[in-house]
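Please read the structure below before turning to the comments.
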Amino acid sequence: MSTIDTRSPILSARGVRHSFGQTEALRGIDLDVHPGEVLAVMGPSGSGKSTLLHCLAGVLVPTRGSVTYGPSAGRQPVEISALSEPKRARLRLTDFGFVFQFGQLLPELSAVDNVSIPMLLGGTKRSEARRRSADMLDRLGLEGLGAKLPGELSGGQAQRVAVARALVTSPAVLFADEPTGSLDSLGSENVLTIMLELVREFGTTVVMITHDARTAAYADREVIVRDGVIGAGYRVSP
Amino acid sequence: MNRGLLKLAVVGSRSSYGRLTGITGGVAVGVCLLLLLWGGANGLNARDDRGAWLRETGSPSVSIPTTAGDPTASGPATPVPLTAATVLMRANPVEVFRDQLINRRDFAALGSTTVKIPGIASPPAPGEYYASPALQHLIETTPQDQLGDRFGQFVGTIGEAALPGPDSLIVVTGATETELRQSGHAFLVSAFTTNPYGASAAAYSTVLLIGAIAVFFPVLLLISIVTGLGAAQRRERFATLRLIGASPRTISRIAAVETAVPSLIGAVFGVVLAAVLRPATAQITVNGTRMFEADLATGWEAATAVVVLVVTASSLVAAYRTSREGIGPLGVTRAMQERTPNAWRMVPLLAGLAAMITAVLLIRVLEVRVPWLESPLLIGGFALTLVGIVVVGPWLTQLVSRMGLRQARSAAAVIAASRIQRTPVATFRSVSGLVIAVFVVSVFAGASSIIQEAEAPAARPGLLQPASLHATVAAGSSQDQVAEAARRAGQLPGIRSATIGYGPAALNQRDAGPEIFLRAEDAPGLGFEDIPETEIVAVDSSFLHYWTTQPLVLTRAPAQNLDGLVPVVIVVAADGTPEAMDRARTALDGSGVTAIPATSPLDIKLQSSARLVQGLAVLAYLGMFVAIAIAGLSLAVATASAVLDRKRVLGLMRLMGMPVSVLRRIITREAAVPLLTVLLLSIALGFLVAWLMVTGINDTYRVTWPATDYFAALGLSLVLALAAVGSTFSLIRAGTAITATRFE
Amino acid sequence: MNNTLTLLGLLSREPSYGYDLKHSYDRYFGTQKALAFGQVYSTLARMVRDELIRALGEETGGGPDRKKYEVTPSGKARVHQWLFTPDTPSEALQSELFAKTVVALLIDDDADRLLDVQRSEHMARMRELTRLKKDADLLHVLMCDHGLFHIEADLRWIDLTMARLAQLKKELQGA
């Protein structure tokens, strides 16, 4: 209310609406995300918070309204919602990172290979990718577990591998959809602490969906999505 | 078991109808194919049995007493008299019309003969003939001077019991005893053989069995694939049943029943389908003739046996699979982690090959014929090899993918190689159908390459021209008769020249010389170019043999005239049209001066000695087509389920920005690596097995470069594999769309 | 729970007698402990003194229980201020928040907003506790966690109540 930042937002949604057939999931969303901030998106199931995340990340194109991504001072802001799917896919690969609740690791790949995939997709040499992956796994406290398969890791370890994969390309924005949704309190706390420590160090912006207040408490700010709109009384801008 | 529960389990939901329909349809097609192939194999057998009498060679019509004390010298030949218990028969090896061989048997018999010639009531009188319906039809629709004049007066058709198939061209003509004895090719026959394969009957039945296994295996594979349809979905349903209190035994029983019901419906439908398709199947030409419909009938015993066997086997397998999966109340309890395949998987393949090689070594190197051991070794070895390829596949696939993972550079390569390395059995299963199909195709291509058609010889000076006919002159023909026959032949439309060659005696006589003498002026008509400046030229008599491939040269004959020589051969040069050739054949053969029927160098193309293998090859190519189609289908199904199994994770990868093209490359690699790994092996093994089989039968056969059909079949299977994988591309896009990961 | 403000809130629905006010209170909030008549009358007297309410014309035979009271504009403002001022999350908070919600629904005010405002306060406190946990010793962390879990329980109640507001309103108004 009083702390409106004058710096330009890294992500900016204006009048975003999205429908799946007859169902209107988002009914006019305005939201700014500040560079380096950690934003929690809360809300009841089916409120449209996942759809909002997908629109912000260029996974879905809003039926109406626009989403603009302004990476940094040096680069022109781009209207994500106006890009073609291949271009959005490329942008997601290079500028964004993703962490989901579960089942995002390829079960047949070792931890190191799982983390390497985004780099390989970006054209990095495999040896280089593996070296950087191993470093990132070390940073997440997974020393010596690089050769393990996801099935051989605990839930918390697997989730940290997913975080490593999301952060290894140094994305500008990390999108996390219930990142600790399938973990117990302690596991959840460990993953969040280490994830946020790293994003604050890298200056990564985070948009995190959660229905868990203790998780949301790690964020700098929160908004609630109810019935496709942001709850009254929540700051749509930092 | 509670009937209501069973009903619920079998037709639980609308989606299970699709699975049940799939099983029913697949089993119907499988059973139909099994019965038709069984019928086809039976038909070939029956056909060869009916045609067996044509293999009768009889006993010599002359006896040549050996001179006492000197086994190499022999006394003068004395005719063995014709009695009521024998007939005199001349088997005509090359009665050719257009590009078809006619089986001609000339008979002379006493009126009182007791010998029964198959298919006809009594032996034809001289100048009369019996023909198969197909041949008679041909005679009636062709100008007399091209075909009909060769045989004489039609007196009746040969019964079906003596005809291999409805298209068989067979003629039985009557001749005088003198005529036949004079030809030097007459034999005495007291009874006709019923053994269609002579001495190699055992070997042929071995080939037949191996062929049957090879053709049936892909069909069994189809049945096994369709009964496994929708296994994942079924597992979920069973887990629910377990949760509400069903015991593992109940689950196994439900699995058995729910497979048995659609299998039974499908099998019965397959039997009906086979009966309906039988007339159409009979139209397929195998070895130049279609089949009698009755030959394809398998009888209700066989149909019942197939139905019972398929239904029992499929439901037992379903029950076994279900109990092995260990479905608990919370889903599959036993880890789905595959056990790593190891080198032991090579054992069945090696054992199979060892068995076949042992059999061949016994026959070829040690020259021991132990029939009771040979056949089981060959057949068992073949079956083991077939199973062995399927067993060894995952291990090889894993070895290759392990190397591949080390070398992998791109994301698609890493993902595909890792997947294959962790689940080699599952990934190989999706291509096993194609691999087996290719193996079977290669075996048959290799085996049938031995009866590859000889290339039509090119026209070269110094060799008998392709568009020419020659007939050797029978002993005792007069100069005038021969000259008249040659003159008449020469005047026929389309005939360029008719040349008479001379020698000291008829070519089938003992004092025939090594050379044939010609008038120099006639030599150009035979295609010679370097002609010595003289009246009479000579050429080696190997000139007449079709196997002579080195051009011969004309030499100056020692004598300047033909005095003291007799005509030994008439060579007719035609313009190459089939009508002219057949007119000349008819004229020469009807002239009465020839010892053998007129032959052309092209005739060799029509002669083959491995009829059974060729017949099987036709069936095999049919079976192969089915096998490849099935294999392609199973690959598509397997690839699709490989995508759907990983719907969530692949969907999330796309969400992270992985392009669809990478997903396509992953899926393509997962099919290509196991396929290519084992494809080369199965091709090589196919030809090795073919060589082992063929040399096991007869040491004169050689496996050579296969026919173009083979490469077509191979290409087809690769195209089909591509199409199968390609058909899942749209599924990849749709199945991994963002919506696939929502609401979970 | 602030009885004075709760009674004031109930009174801002419509003018009522002290006797009726006591029964309303008992119906909504007195399931465990009913309010004594004496307490009601002393509270009403205090509020009259503070000019939050005033007595309407006395009726015949009037004693204190025969007096009808109505809320003054300053009383109304006081209720409003009470409703939309979030309380510091504490163990004692719950009954107060409950009272606020019921009152807001009864006087047809924005109960959603009231809960959201409280929610933000809870979240702010949680963020503060979460920050405190960082670099703290384990004993301190455990203390913070204790606080966090209690606030979270309140938050969950808030969320659930928000989801049930429409139904709750119907029930209260129908009664």
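As written, the chains take the letters A, B and C, and residue 1 is the first residue of each chain.
One rule holds in what follows: a contact is a pair of C-beta atoms (placed from the backbone, for glycine too) under 8 Å apart; a residue touches a chain by one contact, two chains touch by 3 or more.
Computed from a predicted structure; not experimentally measured.
J.: Building nodes from the protein chains and edges from chain pairs that touch, which of line, ring, star, complete or other describes the result?
T.: It is a line, because the chains touch in a row without closing up.
J.: Hey, which chain is the most central one here, using CA centres?
T.: Here the chain at the core of the arrangement is B.
J.: I'd like to verify one number: the distance from the centre of subunit A to the centre of subunit B, where each centre is the average of its C-alpha atoms, in whole angstrom.
T.: The answer is 63 Å.
J.: Would you mind pulling out the distance in Å between where the CA atoms of subunit B average out and where those of subunit C do?
T.: 94
J.: Let me have the rounded angstrom distance from the C-alpha centre of subunit A over to the C-alpha centre of subunit C, please.
T.: So the centroids are 39 Å from each other.
J.: Considering subunit A alone, which of its residues make contact with at least two other chains?
T.: none
J.: Can you name the residues of subunit B that touch subunit A in the complex?
T.: Residue list for subunit B touching subunit A: 337, 408-411, 414-415, 418-419, 421-423, 646, 648-649, 652-659, 662, 738-739, 741-742.
J.: Over in the complex, which subunit A residues touch subunit B? Could you list them?
T.: These residues of subunit A touch subunit B: 20, 50, 54, 59-60, 86, 89-94, 96-98, 100, 103-110, 113, 116-118, 120-121, 125-126, 149, 151.
J.: Inside the complex, what are the residues of subunit A that reach subunit C?
T.: Residues in contact with subunit C: 44, 193, 213-214, 216-220, 222, 224, 231-234.
J.: Can you name the residues of subunit C that touch subunit A in the complex?
T.: 112-113, 116-117, 119-120, 122-123, 126-127, 129-130, 134, 148-149, 151-152, 155-156, 159, 163
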